[in-house]
Structures are given as C-alpha cells and as structure tokens.
Amino acid sequence: MKKVLKTLLGVWNTKTVVAIAIGAALFGVLMNFGGIPVFTNTRLTTAMIVPVIVGSMFGPVPAFITCFVGNTIADLIGGWGFWFDWSVGNGVLGFIIGLLPFYGAKINEGIFKPVHAVIYAITCVVGNAIAFGVITPLLTVAFYGGELTITFLQAFAGGLANTAVLVIIGIPILYALARRSARSTNLVMEEEKVE
Amino acid sequence: MSTPIVEFKNFGFKYKSQTSATLHDINLTINKGEKVLILGPSGSGKSTLANCINGLNPFSYDGVITGSCKIAGMETKNASIFALSKVVGTVLQDSDAQFVGLSVGEDIAFALENQSMPREEMLPKVERAAGIVGMTDFMMHVPYDLSGGQKQKVALAGVLHGDVDILIFDEPLASLDPRMGMTAVELIDRIHKEQNKTVLIIEHRLEDVLHCHVDRIILMNEGRIVYDGVPDKLLASDLLTRYGIREPLYIMAMKYAGCELFPNQNLSDIQHMDISPFEEKLKKQHMVDIEKHVPKIGEEILKVENVTFAYGKNPVLKDISFTIRRGEKVAFVGKNGAGKSTMAKLICGIVRPREGRVLMNGSDYMNLSIKEIGERIGYVMQNPNQMLVKDIIKDEVELAMLLRGKSRKEIDEAVKEALKMCGLYPMRNWPISAVSYGQKKRVTIASILVLQPEIIILDEPTAGQDFRHYTEIMEFLDELNREYGITIVFITHDMHLAIQYTDRAVVFSEGEVVADDSVFKVLSNDQVIERANLKQTSLYTLAMRLGLDPEAYIEHFINYERMMRAHGKQAAD
Amino acid sequence: MENRLLINLIPGETFLHKLTGKTKVRTFIILLVFIIMSFDMRLILPLFILGIIGLRSLEPNWKTIKYFFIVIGAVNLLNIVLFWLADPDIGAYWCGGGHTVLFSLSGRFYLTAETLWYLSVRYIKMITSFMVSLVFILSITPSEMAAGLYSIKVPYKICTIFSIAFRYIPDIGRDFNNIKVSLQTRGVELDPKKVSLKSRLKQNVLILVPLIITSFDRVGNISNAMDLRGYGRGKTRTYYSEHEELKADKVFKVIYTILLLFCVYWIITQNIMPQTFKMWYPFA
C-alpha cells in the first residue's frame, strides 16, 4: 500500500520539482506554438506527450501537476484566458496516462515493449473518455452554463484529437525515446569484411 | 596562520551506479585562504572531488564514501547538503542552467529566499553581492538580456552571501569570449584577495587561469592525485603532456627552443619571470629557417557582398563582405553576441540578407532553398543533442539522403564513405545513447558529410570539451581538409584553436567585420584585439619581452608547430 | 520567443502592475469564483465594465490583444449559435419557463426572448471571464505569481514550478528553433503548405524526440544549482520579488474580503439553497 502511494506521488526532491517545471514549460510551448486547429476551442496538439514522459519517470501525480500547471502556463503565455474546466480535464488525463510505471514501462531506462504500447493506447482512450467525456463538459456546464450536448460534443472532439495524437504520434515517440535511453551492453565493433 | 579547511584522509568515493570506485586514496589538505587549481584529463574525477566537498556527493548522487573528508571541521558524510551549502559556494560551468531566477536580483537572492530571510534584510545583501561583481546596474534584467559572461558574474554573486568560506568553480570559462574569460579570472582573483576566501578552480584552460596567481595546482588522473604542489614545478616537468593537458603556449615555445626549465624560475608568471636564461635559445630558435606553411587554396566558392541583416529593428550584421576559397580553413572570432552564429545561419540560407547578396560558385543563392544550400554547405551546431533525431548511428547518417529520395545503392555507398571518414564505421549499428559526447559530435559531422558539401561550418566545435576530445575532433577535421579538400569554417572563442588549426581569421565586432587576415596578423594587432574582445596570447607577451616582432614570432611559432605535428603524425604512421 | 509571450517578466509601471503578487492572485481567484457562481446580468455586467477599465489602465499593446479578442469573441459567438441550433428553447428552463417567440423561421428554428437573454448572459460571462484573466496575465509577473500562490498556502515546491517553468521557456524555444533549422538544412520540408498531414505528423516525431531529450537533459544541472544554494532546506521561504504592501494593496484587501463574503453568501443562498433554479430575468 505504501509502495503504491509512493509510486503515485513520486519522490518530491528538487529534481522532481525541476522536471515537472521543465515539463510544464514544454507543455506550454507546444500548446501555443506546436498545434494544428481542428474544431472550435480545440487544436491538435502534441503537448499531451509531455505528461506521458513525466509520468514514466516520476509517476502519475507529477504527471497530473505537469498537465495542470502546463495548461495554466499555456494560458498565461498565449492570450486565451484561463479556462479551468479544460485545465482540470487535462490534469486528469495526465494522471491517467501517467500511470506508466504501474504497468512496467520505464522510458528513461529504455523499457517500452509492444504490450506496454497496447496498455498505453487503452489508457489513452479511457483517460480521454473520462477527462473530456465526463469531467470537462460537466465542469463547463457547471461553471459557465450552456447546452450539454454541444459542450459535450466540443469536449469530445478535443478528446478525440488528443487520443489521436497520443496514440499516433505518442507511441512512435515513446519507442524512439526508450530506444535512445537504452544503453545496449554487448556492443561490438563490426569491421568491414575483406572481400 | 594556516588552518586547514578541507581535509581528505584516505578518502575514496564510489558512485552507486558504477562497479568500481571513482576516487581512490585521496589525501589532501587545503588551508584557509588558499587558491588552488585542479587539473586533469576528462573523467579523472575532478568534478567528483569538488562534489564531495559541496555535498552533491553523496546527497544528490548516491554513492559510498570511504575514509574521511572534513569541511570546516564537519565530517561530510554526517552532514547534509544544506549544512555544507552554508560553508561552500559552487559556481558551475553551465551559466544558463544555473541561472534559476527570472531576473538578476532574484537569482542573486535565491539562496537568501531559501533561508526565509525577510525581504528588508535581503535587499542590502543582494545589493552588496551585485556590487562586488559589478552588476548593480542590471538588477532588473532578464537572463536573455545578458551575455554568457554576465550570467557567470551573477552566478558568482549568488554564492557570495553570508559566511561561505570556500568557493568552488567548475569550469567557469567554457563559453566566454577571451576578454570575458580574462575578466572572470581577474574577478575570481579579486574576490579571493578582498574577501579572503578559499578558492578552488577546475579548468582546462591553464594558460587563462595563470593570468592571475594561483598558490597550488593539483593534478588528477584516474581518480588519484598525481601532483600536488606549486605551479612552477609542474610547468617545468613533463607531467602536463604526459596526462594530456594543454600546456601554455609560451611554455610550448620554450620547450621547442630546447630551454631547460627549472622549478625555481617563476615559470607561471610570464610577465615577471626572469627571461635572461632562455633569451639566447629562444632567439636562436626564432632564426631557424622552416618551410612556411602554405595552405592549398583553390577558386572562390563563397562570396558575401555588402550583406546587412536584422532579426528585428536593429541590424545584427552590417555591410559585411568577405570571400571564402576552396580548401581554406577560416575562423570566425569575436565578442559574445557579435553576430558570428547569425553569419553562419545567413550563409546557410536559414536567414536571408536584407541588403546585399551571397554568391555561391558565382551565382546568387537567393533562388536556392535551404535544402539545396544544405547540399553545398553543412552547418554543425554546438550542441549535438539538438541535431541527432534518430537512435541508431547509421539511420542518423542516412537521413538526409533518404529525405532526398536517393536510391538505396547510392545511399549505402555515401553512408559507408561518410562513416569511414569519421571513424564510425565499426560502430554503425550502435545506439546513439551509447557513445560519448565527442563521438556524438562526429555523428553530426558524418550526417552532414554524406551530402558531400563543399563547406562545413562548425559552431564552437570544442566548447566545454577537454583536451583529448578537442584534439581528436580537430585532428579529424584537419584530415578532412587535407585529404578531401573540404573547406572548413570554425566559429570559436579559443585563440589556441585559431592558431593551431586555421589559416585565416574573420573578426566580428558588433555586427561588423573589423579584420580579415591571417591569424598571426590578427592576433598581433592591438586595435583589432581591443575592438573584438580578443586577448593577446602569451606568445605575444613573450615576443615583446624578447624584443621581437610579435607578428613574425607568432607566425614562426605556428609554422614550427604545424611542422612538429606533421612529423609526429608521420612518426606515428 | 520571449517577445512572443503575453505575460511580462519585468513588472510594469501602471497602478495594477504595482500591486503585490499576493493581492493580484487573491483578487483574481475571488473574481473567478464570482464569475463562475453568477448567471446574473446584474453581477456580470459591472465586472465586464470594470474589466474594460482595468485592461485600459494597463496600457497594453492593443494590436496583439485585438487578435485574441476577435478569436475568443468569434468562437464563443459560434458556440452560442450552436447552442441555439441544438435547442431553441434553451432559455425557458433558465428564465422560469417563459416562451416569448420573437420571430420564427420554421417550426424547429425560432428565437425566444428568454433564449436571447440567456445566451447573451452566457456570452458576456465568457467574455468577462476572458477579460479578467487577461487583466491578470498582463498585470502579473511569474515571480509575483509564485509569491502570490505561496501566500494562499500553496506549497512552495508547487510555486517554484511556475517560476522555473517561465525561466526556461525561452531556452526551450531556442532549442526548438535550432532543431528545426538543423532538420531543414538536412532536407526536411517544414513548410506546412507543401506537405501532407501525414508527413507533418512524422516531422513532429522527428522534432519532438530531440526537443524532449535536450529539455530534460538540463534537469540535473538545474536541480544541482538549486540544491547547492539550499533549495528545499526549510519549510518556508520568502520572495525577493514580493515587495511591501502599499496603501493600494490594503484597499484591495478590504475590497476582496468583502467580495469573498458576498460570494459565500451568494453561493449559499442562490446556488445551493433554491430548489427551482431561475436566473434574474427582468422581462418576465
């Protein structure tokens, strides 16, 4: 139980704080300068990949904070104003896709196998369904009022875009990152064969 | 009088992730008020030693200590990083990473904020520390407004508060222009004297540190101390060359001349040492006839004509003209922020001139795309991590060819050739994460070489690297130039590099070219040196003291040096 | 990069700029609660006007701001049009069941006075929310924000995340540009007009991997530099950027305290207590 809690929370030393900060900064930058518009209010953004990385290194709670703070930072550097309904939704999604250490995917140690990719894809779908299918629309209606179906559809479009990015771009990136941090042990010099 | 403040006794340290210890049998005592320089090849454990003093080892990097290390009477393994931070202040190499505040004032105040000091007490302390390093007028500046040197000063101010007795500098000079580097050395010296601190400097650039007096040098190799004593004795010995440390230029010159060096000759201070015993030999050496090094130079391949460029309103490059010929080795030198990197980007077509034009092989490059220019001019950035996008060496090298839709056969041949040129062929299937920094740099060069460019531009190829990697990279580039006739442009702050490996220097200052001439002419021209924040090398000082013409002296030295290197090569082959 | 950020890194000179971070953060949070709780033109309209005054007092660069206003205005307009299309009678529930048709296009699409009222309240509410955030963003610096959050008992390690993130955003931007440039010179076409969505996705992978690696590479160095200067030593910390409270801060304190009490009162009486929800509708 204690161990689960520790994996959830991560270890809060200076390194964690800085990693979350850098993650949030990356999130903010990608959100503002690395997106393609899809629907009103939503852009296809690659920023969501950041909490996955933070999650794999430090656990889901740091991933949640990266997402939540990153979203707030994106709002602070862009001019779009604060929309906490979306920040919270993003945070929840960050938490769910940040669960990587729980199923054994450790990107910074080079461990990411096909089975992890499958589980990861499932968490992406489930996470988006919960975050943008339930939490964000409910909060939007509670905060600002509005028509539930339309609000739901908008959040859903955002969630769909997110899922697409997380799966289509995310998996190759995770593979690439894992391969780049895997230090092979038995490397051999291959001289050219003399013909 | 001499109270020990750092005491290592039979000390050893092993990182948790390593199988064997990194430091062995360290016995070292440093007294209060001493100024000590730590030298050693890369990986010899200099930073590890420093981190055992400031507490990063073992409190931030896990590891096992054997023996004892006492800092100001505290046994470090029983202390904490916080307790030690009250006694030891550390300035790291990376001036960007250690600037954690959003403004100069905030960064200087960082340590005080962490102590929960009320703001009214904090302000005068910050003011005072900024005053010591001369940054009082910049309190509200943000980090991007500052040059690398100014950031280093702020980092220094940040550790000056309170009662830190020991200051550690881990490679403080790396990316500073020569003048800034000198200013930093002088500043450290002033603080050492005025504040009566104990100072430890780790630095590869021995000649630059010797600009001011140091009491003691510690030489490390493979985790052990191999020399601990006064600088003069070390300079007179052959230990430096044996352990792969770059000797100061004037010491090299004296050794070339066959002078016998003795520890009692005040060798570390070129201004004041008694030169009379060496005068005759040095002058005789200068008379020796050696064949002049004549670079093999072909036709004009790049011409920059009256180019002006600006990112925003203020021009960064003003009315610049120069030409580059096939087979040349050119250095772009000058102040931090003078526009050298911008010039490189302009040549590669990443930014385009507002006025003027750039000619490639005689025709204007305006209608060529970045991609097309990329086939003729390769641009190698300072940080290889920003260029490497694939995870296997071979994949990285073939990327540019693949993107250009070349046939498999063509690609395989070109890739093989490039990998061989860079000595990476046997490692072609290795993951990039498994190779060292210097090898990563080679991978980036190989990935540019596949396109068989005519010119390669390297932005600070050696910054932050030790002498061994430095030599490795430079010899390799020299060979590319000799064997394949590739034109090479270096952007560098290292005058040593310019002297040893280039024929011509284009000197930038505030967006203008203030000189374009052979290296020895540039480095003996006071006016140019002044305007471009360069610095006279010790050869200049030596020539002046001998009453010789510096220009001729430096030229002679360069030719002799090249000859020696060529011979060394032949002998080795 | 730094000149493309909306938030200032160095405090400005106007009245609102000179307040302490504590005042700004607290006022902003209470105002957000105020906006979120109220579906009432009588509460929103005054704040809307105050927002305009506040924004003007900051002397912002209108050129950049205009763009955001247009986009936010248009997006929310589209939103309420969609709401109307989805359910033309949406106002009836909120305004107590009235059904005053103003004009009608067909049996399905008609406009009632109640719907018009309700949608305008929501529209103004969204714009006010946007404007209040904008005033906050333009008036505060990241360091003041960290200090302000700390003053409302947010753990300082969380506050640090804000200031460190802003410190390194320009560095990340610079890395991003360098990586892009190096790919371009090697032959990657990055002009969005010239490449398909699919290859754009591929390029994203090419750029993101090195960007993520270089960004996280500096974590070790930064955290060392912080540890060496005693970060995380104590349970509390102080802030260099948080100057002493001025008279204006004290006035604001009185105002936001009253506002907070009002919010509590309003939430209890209007949002929790009533069974049948109904917003203020003057034409009932």
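Remarks
A, B and C label the chains in the order they appear, each numbered from 1.
Here is the rule we go by: contacts are C-beta pairs under 8 Å (C-beta built on N, C-alpha and C of every residue); 3 or more make two chains touch, one makes a residue touch a chain.
Just so it is clear, the structure is predicted and the values come from calculations on it, not from any experiment.
The touch graph of these protein chains is complete, with an edge between every pair of chains. Across the assembly, the mean Cα position most removed from that of chain A is the one of B. Chain pairs A-B and A-C differ in how many C-beta pairs are in contact, and the one with more is A-C. If each chain is reduced to the centroid of its CA atoms, chain B and chain C end up 44 Å from each other.
Distance from the chain A centre to the chain B centre is 38 Å, each centre being the mean of its Cα atoms. Chain centres here are Cα averages; for chain A and chain C they lie 21 Å apart.
Shown for chain B are the residues that touch two or more other chains, of which there are none. Among all residues of chain A, those that touch two or more other chains are 176, 180. Multi-chain contact residues of chain C (touching two or more other chains): 142, 164, 166, 209, 213, 218, 222-223, 226-227, 231-232.
Residues 4-7, 32, 36, 39, 64-65, 67-68, 72, 75, 78-79, 82-83, 86-87, 90, 94, 118, 121-122, 125-126, 129-134, 136-137, 142, 157-158, 160-162, 164-166, 168-169, 172-173, 176, 197, 200-201, 204-205, 208-209, 211-213, 215-216, 218-220, 222-223, 226-227, 231-232 of chain C are the ones that touch chain A when the two sit in their complex.
Taken in their complex, chain C has these residues touching chain B: 2, 9-10, 141-143, 163-164, 166-167, 170-171, 175, 178-179, 181-189, 206-207, 209-210, 213-214, 217-218, 221-234, 236-244.
The residues of chain A lying in touch with chain B in their complex are 176, 179-184, 187, 189-192.
The residues of chain A lying in touch with chain C in their complex are 12-15, 17-26, 28-29, 33-34, 36, 40-41, 46, 49-50, 53, 65, 69-70, 73, 75-84, 142-147, 149-150, 154, 168-169, 172-173, 176-177, 180.
Contact residues of chain B toward chain A in the complex are 391, 425-434.
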